[in-house]
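Both complexes below contain chain A, partnered by chain B and then by chain C.
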Partner chain A sequence: MSKQTAQKERSMELQKEMISAHFKRLARAREEGKKVVYTFVPGNLNELVWSFDMLPVHPEINALQSGMRKLSGAYVQEAEKFGHSEDVCTYVKCDIGMLKRGNVGPTGEKLPEPDLLLLSYTGCFTFMKWFELLRAEYDCPVAMLHVPYQAGGRMTPEMVGYVVKQLREEVIPLMERISGRPYDEAGLSERLASSARAEENLVAVWETAKHRPSPIDAYFGGVYYIGPIFSAFRGLESCETYYETLRGEVEERMRKGEGPITPEGTVEHERYRLVVEGPPNWTSFREFWKMFYDEGAVVVNSTYTKVGGLYDDGFRHDPARPLETLAEYCLGCYTNLNLPSRVAYLERAIQDYGADGFLINSVKSCNSFSAGQLLMLRELEKRTGKAGGFIESDLVDPRYFSAANIKNRLESYFQMIEAKRQE
Partner chain B sequence: MSVEAIVARCEALYNDLDLGFVQDWKREHGAKAVGFMPIYVPRELVDAAGMLPVGIMGGGDAVEIIRGDAYYQSYICHIPRSTIELALAGRLDCLDGMLFPAICDVIRNLSGMWQMMFPGKYVRYMDFPQNFAPGIGGEFYATELRALREELGALSGRAATDEALADAIALHNANRRAIAALYALRAVSPHLVPTSELYLVMRASNVLPVDAHTRLVDEYVAAARASNRLALDNIRVIVTGVFCEQPSLGLIRALEQSGCYIVDEDWVLGARYIQGDIEVGDGDPLRALCDAYLLQGLPTSSRYIAEDRKGRDLVERVRALGAEGVIFASPSFCDPALLEAPMLQSALTDEDIPYTSFKFSENSGQYQAIKEQTGTFSDSIKLWGTA
Partner chain C sequence: MDCYVGIDLGSTTTKAIFMDTEERILGRGITNSRSNYGLACEIASDEAAINARFALLRARIAEGPRARSVMADLMGWLESKFHLAHHLEQVKALEEVSAGIVGRWPDEGERAIYREALATIFARMREAAAPLFRPDAPVRSDFFRDIASSQYLEYTEQLTREPDDARLTFDRLTAVYDRAILLVEARNYSSNYADYLEFACREVIDVEGFRDARDDITAAAEYAAGVEFNALNTIGTGYGRQTLPFPKHQIRSEILCHGLGAHAMFPDTRTVLDIGGQDTKAIQVDGRGIVTSFQMNDRCAAGCGRYLGYIADEMNMGVHELGPLAMQANRTIRINSTCTVFAGAELRERLAIGERREDILSGLHRAIVLRAMSLLARSGGIESEFTFTGGVAKNEAATSALKRLVHENYGEMTINISPDSIYTGALGAALFARRDRRGDMVNVDLNKLKKRVN
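Now for the complex of A and B:
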């Protein structure tokens, strides 16, 4: 690790400005007569939301931001006071708790109430209950978009047709009614074209991790890289600019043979190349990351950075088929893939990115990710012969992050990789 | 047959975790069997293909989990680990396939695990639509059902023809009517139909062919009506949250012993998920099956309710059945039950309907704390009309 202080690249500043501007827009939404749509990251329809000139809010993003700002613990406990079980998803409880405490967003500005809950039911059962809970709080319309699960390991024309039909006959008419604007397919297509350009650059960024040393950390750094495209900005010019800038910076680092940027400088000696499955912990994110970069462990591919869109296999939004492409996007998100497909994805990632091993961070909150991960671990070890590690934490409940325990496990895991190298 | 004899037969089936009955049935009929997880699958299609549908509800408190725990973290519910345990021990070998309905992420992912762990077996995830418009969700579901029909026919070697499907629907309609009569009798005279018995009669629906189960229910209803059991000074409660992982029989008995007549619940929901008859007439039986799901399905947690307030159905059932309170019995780490509960509880609070809640696991062996809790709930309602 270099001793230099934290580097600030242009892309980082850009993202910060984008987020800040968006929350300011949201704070002014009522006075400016803008309609607000709450929706989820996986299977989000940002281009469609923006094409109606409405503003998207993503409750998971608020929850993870609350986690990083050490606010989520109190929010979770607030929700539990209202009868929410300690067993269930802490994103949900963080959101409910934040709402009960005044719905002040991560930047300190109050979030506007939703005019529409756009319930894209992609890859996670809890989403449905989450918006049922919010509907009871806000008493606003819900647009349900049921996205079938790729149980058979493929996307069928019937699945795409079903999603398109819901969009055309139910979701879009409701958005027209709420926004007071007609559906503008040409405008939607332009935004989709913009998305595709941003996606192209994002994939190029991911691909740089095949280089040795990797210029990026595709998990801890990766969660910043997905920020704009997974949240409110896909389909906007600012998003395109961000990914052009990011790609330029990352490719420059790759040319110079530099490692990933961390909060404490650049990783100078890449000792372990890892693939990580599962979301990160947000409440102790920096501490968690440090456990890796202190050991020279660099994540070269991760599945969490594919929950809001899986572009590695060639999917790009297609402006010529606007509703079909939105359907295919929703169907293709990572947690909407069946377990054999997820294992196959990880296996390819381990091989293609020259990983020394793979690690599963199993989070208590997320059964969509977690149920079955122990079988995935065995299967991947069997198929790849690489060392598999398993740690447990949670998304935004600080009570479930045991630093000493995780550190011990990681140290043992790195020793295991060393032992494998001796074989 | 006496009540005791019927219940003894049902209890033997309930305890038969090796599925001996299913093995015998297969030998006798030279046919196959297909398992299914809670809550609901269209069993009529399995029947129409000449196979036996077999409900799998985990291992209860009778299975020691050794290998199953190695597949699940501590914060995942219990039913998938005991189901895996049964399968790895070879106790589900007689099942030629498994259906995994869309109920939650755990059961959904179990379908993928099954594909990887038992590659020779037929596996299908039943993706039920959450859009209930016949022209949208209905079209999608009809496609799913057609694919299921083809696959089941291929597995069985006998096509599930329209005629066979219409016949199966008729048999299941008769079963639904018999079950409705059983539930109606319990609602009126819960002292004649202890829920611990009703539960065993319903669990028998998981393995018996549908017509045999209908006869069993009819016999039980007749025998229960003829019994001379005395009514106790119990409160009338509805138990909710138990649509997937099941309480042990001991826990059900403990609830009753604590002074509660259970007049409705949501366990073994598959056999009564479709409310009323499925009308086929001269139409397409597959479309009738599809429409029944869209329009006649029970409002459980795994089903999206677009318009109604959550909990309205529960409040209406409380009123209709004269229940004095509601018990929320949720399996630990059950997302559908636990995420739903605050909304249902809010609806009850608005109507001044008392409730209490506890969590359990299918293998919970200590009932005393729960019994004391529900006993106090019962006493407080008896004494003050409120909890």
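Now for the complex of A and C:
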């Protein structure tokens, strides 16, 4: 680890400015007469939301930011007071708790109430229940886009047609009514073209991790890189600028042979290259990350950073087929893939990125990710012969992060990789 | 004598293994872990050195013409008497410390009453010592604390049942013990090695009738006492490994150590189960003892060794007494395995409705093994040969429940349980010390260790 601390690059500042501006925009939404749409990250229809000049809010992003800011523990307990069980997804409880405590967002500004709850991905059953709860709180309309699961391992034209039909017949008319604006397909296409350009740059960033040493950490650093494109900004010019800047910086690091940036400087000696499956823990994010970079473990690919789009698998928003491309985007969510597809994706990631092993961070309260992970682990061990590791934590409930236990497992796992190398 | 040292700093016990340059085990040492891991490490290493000296002593005696014919008996007696001397020394220390605690009380009348009670208790403990330390005595705990606790509690109960003076109470007497035992355990008695051995030789020659072998015994004892151990490398593992001043490259995860240790004991091992004090590990290893995958308990340590410790406390018993009692069960009562505290409550409830202790304990052992079975399944199942390691593997009730469940779920297969299973992690660590490619040989702890062993 180099001695330098808290290295700030232009892209980091840009993202900070974008987030700050967005929350300010949200705080002013009512006085400026803007309509607000609450929606989720997987399968989000940002371009469509912006094309109606509405403002998106992503409750999971608020929850994870509350987790990183050490606020989520109190929110989760607040939600439990209202009868939500200990086993319920902690993103939900964090969001409900935040709402009950005045709906002050992670930047300290009050969030506006929603004019529409737009559920554009139903692969996670919890999402549906989450919005049922929010509907009870806010008494506002819900647009529900039913997205079929890719049980057969592929997206069929019928599935796409089914989602497009819902967009055309239910979602868009409702958005027209709430926003008071007509559907503007040309405007939507422009935004989709902008998305595709940002996506192209993001993929270039991911690809740099194939280089040795990797200039990025595709999990701990990766969650920052996905910030703009997975949240409110996809389809906006600022998002395009961000990814151009980021790509430039990362490619420059790669040319110089530099490792990833961490809160304590640059990783100077890459000892383990890992592929990670599952979301990170947010409440002890820094501590968790440190367990990796202290050992020279660099994540070269991760599935969590693909929940808002499998761009590295070739998907790009296509401005020529606006509704179809949105449908395909919703259907192509990582967690909407069946287990064999997820295994195949991970297998490719392990091979293509020259990983020494793969690690699963399993989150018991997140069924979308966690169901079947042990089977995936076994299958990947068999197919790749690489060392598989398994740890458990939670999203935003600080009570479920056992640092000593996780550190013990990680150390064992790294030593296991080392022992395998010496075989 | 050049050697390699492996130390396993578990949450309940600390174990050490001395190994020679040919990867043969020279000696094993074990002690209770305390908050002071440095001390536990030191005591376990000293115990391993003593054990190694006994092995050398045995080998040397076997060469003597007179002793050879009575070898088995002789060594049994020597070791028993050695441990008796050690035990009596600890009883003496416990008595002194207890008397010191009582001696600081302000009320003179109370001081006198409790001093007298302590004198009675410790006289009985001394009387009870010799029968425990005979080659033909029933298996006893390795730890002074276990033996002392059950005796002290038993005698205290008798004394306070109908006391001559109402001021003499069970609670106050046990409170004295609870404070005293910590101080007694914090001492290292290894410097008494020569005295203990001298006592043992004297007892064996004069009391137990090995007079003919006197010269062989004396010569061998002198030889063994003169051997110097030169530790070439030390590896630490286990729960407390991070708290010791070992350099990073001299630390290995206990998962890797248990895998390699199990492989060293049983080379055809493919699946390893280790139930330790606070975690349970299911480990898969390849043909060279290298770990290929593992699973550990998370969030909760119910079903680990401490679960048994808690139950033993609830029943006012030593943890080493649970297994033998459970083996006398007529049936196995279903007990939950998801929470230690609930299991304790369930135990009291079952006792209250008149269930037999043996049957309840049998259920508790099965509960532990059920937790382990689920972890094994998560780690990829069980493949033959299957090796059970860790402290709980010494418990017969746990091993028999495990064998039954393994056979029911995975069919017939070879299940290995070594009497030395508790040392598996330390053995793996010693092997890593021996095989360390970097061959680092010097560190602060080693010098300290060397000085004490010599």
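Everything that follows uses one rule, which is that the second predicted complex is superposed on the first by the 422 of 423 C-alpha atoms of A that agree within 3 Å, B and C clash if a C-alpha of one lies under 4 Å from a C-alpha of the other, contacts with A are read in each partner's own complex, and residues count from 1 in each chain.
As a convention for this text, contacts are C-beta pairs under 8 Å (C-beta built on N, C-alpha and C of every residue); 3 or more make two chains touch, one makes a residue touch a chain.
Just so it is clear, the structure is predicted and the values come from calculations on it, not from any experiment.
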item: Chain B versus chain C as contact partner of A:C89, first or second or both or neither; value: first
item: Chain B versus chain C as contact partner of A:I261, first or second or both or neither; value: neither
item: Which superposed partner A:S402 touches (first chain B, second chain C, both, neither); value: second
item: First, second, both or neither for A:G388, with chain B first and chain C second; value: second
item: Touched partner set for A:E170, first chain B, second chain C, both or neither; value: first
item: First, second, both or neither for A:L64, with chain B first and chain C second; value: neither
item: Which of chain B and chain C A:L14 touches, first, second, both or neither; value: neither
item: Partner chain in contact with A:M128 - chain B first, chain C second, else both or neither; value: first
item: When both partners are placed on the shared chain, which of chain B and chain C touches more of chain A; value: B
item: Which of chain B and chain C A:Y149 touches, first, second, both or neither; value: first
item: Overlap of chain C and chain B interfaces on chain A (superposed complexes); value: 374, 392
item: Of chain A, residues touching chain C in the complex; value: 374, 377-378, 381, 387-388, 390, 392, 400, 402, 405, 408-409, 411-412, 415-416, 419-420, 422-423
item: List of chain C residues in touch with chain A within their complex; value: 252-256, 279, 286, 288, 290-296, 298-299, 378, 380, 437
item: Residue ranges of chain A touching chain B (in the complex, touch as defined); value: 82-85, 87-89, 92, 121, 124-126, 128-130, 132-133, 136, 142, 144, 146, 148-149, 151-152, 158-159, 161-162, 165-166, 169-170, 338-340, 342-343, 362, 364, 367-368, 370-375, 379, 392
item: Residues of chain B touching chain A in the complex; value: 70-73, 75-76, 80, 102-106, 108-113, 115-117, 124-125, 127, 129-131, 133, 135-137, 139-140, 143, 301-302, 304-306, 309-310, 330, 332-336, 338-343, 345-346, 359
